[in-house]
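Contents: one structure, followed by commentary.
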């Protein structure tokens, strides 16, 4: 249990890091979405390893195949299965993972929960699973584009290096022009150097991905438990290595007074309702209010490092876990498309769920 | 849609602030839980208004009635319905809310989504709904107690006044001894004075509630989307006024290096597996690892203030929303039992979901 | 688990025969449905006991109260809670049920499953629970009426006395004019006498309820598992005492050849697509095709009889269960509104689910 | 929506008749089930076409591939994906289906619902989809076998040729020894000849599949809506061409008196509780009582026949649908493993759902 997300636009992912394939079934995608294969592949490429020297050097083409649900270039309303073959399944020496629990990985907890685990490359707990989410999220984006919604994520912090500007003061399209995916080229350069230095130490560092969704009309989100930001929060927290989520004013907002924090309504020259500030992050009472939706996602330093670490083996004896293989010294650059994908999945689902909110719809 | 939570231990809440009653159905609670009415009532009393001069002066007894699912003092495995009558339903002048959209409330978004809204006291979007959660959460606590799990929340920040000590260095049982529910009596006193001063200004201020769950065995939580912390995050973000969630090292963790952040495993003198640090917050790969689970929840300054504010009416004309009535200048003291209740609902559900993780269980 | 039905128009029922109350929460009903209290009460009255001498002589007013989700006469899109107080909760002698397992009742299976049961009047397994369904179903009917759908059920067989005419050859509105709810007055009279004779013997007899839904447009129903007739079948089989379900040609259809059974398409003078026959029962591939939907539901002779029966007690010793109290000698007259209610719940849900089948909707 | 079944042991199927592949994800299968590849393949072979001259002569190997969730011969608790490639995807002339609506097929209803359809071989509505169910059902059988449950289906009627013996008086293992899958060799011979004569006429005929589950302990099934027989009914009615479902005494039971129909309890020489008769079909109050569970499923004559038929094209003009290609003159022999698979999926799910019915489990 736990490998599905969504109530109408639903996804079910499957697959282990070194099994035959990973993949996803999307159920509930309306018929008539133009299935842009190139776009989906390009989203997968944004996530794949080996993009620069600050990402893991593993080589995976991450080419996907559609098995169902698409006919003559459009979705048909039936389940859409997409799979990505794992290329590197040759027998390898995983004995170090098989016998030991890597610190801050899922080795120990999977073993306790299931009594067995596919230890090869982390198995189901590997971040490789997120490729399936990106494929499904790309389809969600295609649906949302037809509804006028655009989602853009970017790296806003690496270690202690943080962007000082708000998203409104940045050209977010710059983010894709550098390996860090930070829209401020100067800060991006500093981040790159810092990540590279951490890499050389065989260590890892955390970071923050920020995300903005524009064009979401007022009315999306379901009270009480399925508030838009609660769904976003769950979706983001389900991404590997995420430790926190905040939207709108977030943790900083606790310091404010209500008189300053409240977003005053006004009607603009076009007769549209807007708010003068947006501490609400585009969401009030769990429902979108037509303003930009924005949020931030905290990623820990990934657990795989190239250093020896104290641990235990599965017999409970002390063991030293050795650092070897390839790793991402900082996951946030590759996490950007994953954050966007999850946001798209949340919004696509709430978009469709909203269709039955009134009798006259 | 959206008023249900859980997959096995499931709740469905209903009710508006000024309708006949609010309530909850709990489905999936196992038979045989000792239904401690006094305990449930005492949890409701921790949440109810009028507890001190820094909480709203509304008077609500919040006495609950059980309609089903309990027989001879025990749960029977069938749905348990609990209701709380709304006492103050007399016709009142709500014309100011009916005609205007209060800033940073849900008035506008409900109106757009549904085309109609019960404007009396905020209707469904009122935090009054959380009483139903507290009742259900109290039942979840009774189930969890039988499994050895204890959940304790407390106020760790109000405005800029923050506790500097970690939960391990505090006597958490102190929290219930003061009106703020902060376990450090000295800081609690400062918080009380600050909240009271904000109240006198007719303003509001935000805060942070921290929470610790002890006794959770390794193995609870479902990969991939229903990770323990993702469920906790969604549950917390679904509480009125919450803007952020973090667990373990949280947002601070992004600044760390992996070599410092990783939690080394060791076996203690009793043969139990533990970790030397707990930046993981008791959760690895979305599954509990047997350590304490801890997290923090950020609450914004509540939107109801006793000051005039700019807004619009439902015809789109400019309007001044007047501050009147009674309000909570800071919600975090009363939010403590709500955070505990939601944590209990998450853990009860994952506890039961874990029962089918292996054939030998 | 198991007390909820529906994916968008969802209901959750609760309550035992002799607890404080039974009731239902309807979640997912769109805002704007005119909440006709009198209609809902009249549907409950069609189900309530004591309607004639061939139904149980228990007296229950079955008056319902709305607790939430309705404002100024319309649904608001939030959960609608309806409860019916149990009137007759005075302490009674249930020791015969407490200690013994009544044959073909749920006493034994509940005891084994839960280790405890509310034995008073059958507890949760009592058909009293269906009153909650009728209330929710009445609301579903109000929604469907606005969509042009009408649902009519009637008694078509009692014991071996069967209507020979198809529904098209009957005036179904006649059904409500007699105590049996059979639209053929002559056959109704025979059925009445037969049921009364069975009653006098202290025995019970089975029967069949037929149902027709008109005005369902083509397109409702979800392949593969949630086919319209599969949802109908589950809903009907969930009613107490139901042993079988068939739609369209049903069990008789197995004897036919495909060349006779296939329903030829044609276009009528108004340009509407129709089929010359309707062995499909208005459903093809699990999706409505615009023709009338019709089906039949088989009810066993109810287990409560006024005769002594062989059984065991809860210690496993032989026991004689004595016939006493009041009973329905044949449930089908009172089952008619329950069948309609469940059909309405199925159709309301599939109506709303269909709203996201295409991007252009 | 609609392509998923189950609440804990959940399956999601995908795929069209002539797409790249069909398949299924099984989620919620406990870790530790011995994954017997040969058994699953043999179940698929029981369903595949071309088994004798009374089944369709299409050639499909129906070899499945496991993509995930299995490691070292056992399930790991993570999603298990199984796919079956469609072999015959070469471009063919489907213009007759593309342009016309075949009578009593799903062509028309899919077109209306989705505005588009994959018309090749029936697309998603093809019975080819049931191969995915058989693969998942085989896995459910492996889990159930470990719990002592055995499921056996067989053909009990073809057209008007019906078995007169009850299942207790038959050697059900005989069913697999003939092409019809009828356990009475003599009746099987008559059925074979009859089906063959229908085939020669280019026509089709209906039939009934009966099924028995033994070894189900008392306690499985969830009141109120998810009664064991309601879940079975839905599962069976979701199979292509099914028109009816009955369990225990079924439609015949309506003719009986309660005094004859009630199943008296007694304790056998081993101290086990049993009933003297089993009109309840092993289910009371929706929960298994430890007796054999038995039910019957009615299949219509399949719509594909080798004769010309009146219909319309998609412009609404009259058209003649020509009989061509290959078809099953009677589906019930190949439906036997599908009925078993669906029964296994229902029981596996209710088995796991029952694990949280009591605190002491």
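For reference, chains read A, B, C and D in written order, and residue numbers begin at 1 within each chain.
FYI, contacts are C-beta pairs under 8 Å (C-beta built on N, C-alpha and C of every residue); 3 or more make two chains touch, one makes a residue touch a chain.
Quick caveat, the model's predicted, so the values are computed rather than measured.
Taking C-D and B-D together, the chain pair joined by more C-beta contacts is C-D. Averaging C-alpha coordinates per chain places the centre of subunit C 26 Å away from that of subunit D. Distance between chain centres (mean CA atoms), subunit B to subunit D: 46 Å.
With touch defined as above, residues shared between interfaces to two or more other chains in subunit D number as follows: 1, 3-4, 7-8, 13, 28, 31-32, 77-78, 113-115, 124, 223, 356-358, 360.
Taken as a contact graph, with one node per protein chain and an edge wherever two chains touch, the assembly is complete, since every chain touches every other chain.
On subunit C, the positions that touch subunit B within their shared complex are 1, 3-4, 8, 10, 12-16, 19-23, 25, 27-28, 31-32, 65-69, 71-72, 74, 76-81, 83, 113-118, 123-124. Considering their complex, residues 7-8, 28, 30-33, 77-78, 143, 146, 223, 352, 355-361 of subunit A touch subunit C.
On subunit A, the positions that touch subunit B within their shared complex are 1-5, 7, 13, 101, 103-106, 108-110, 112-115, 124-125, 129, 157, 159-160, 198, 201, 203-208, 218-219, 221-227, 229-231, 233-238, 243-251, 253-259, 261-267, 271, 273, 275-276, 279-281, 284-289, 298-305, 307, 309-312, 316-318, 353-354, 356-358, 360.
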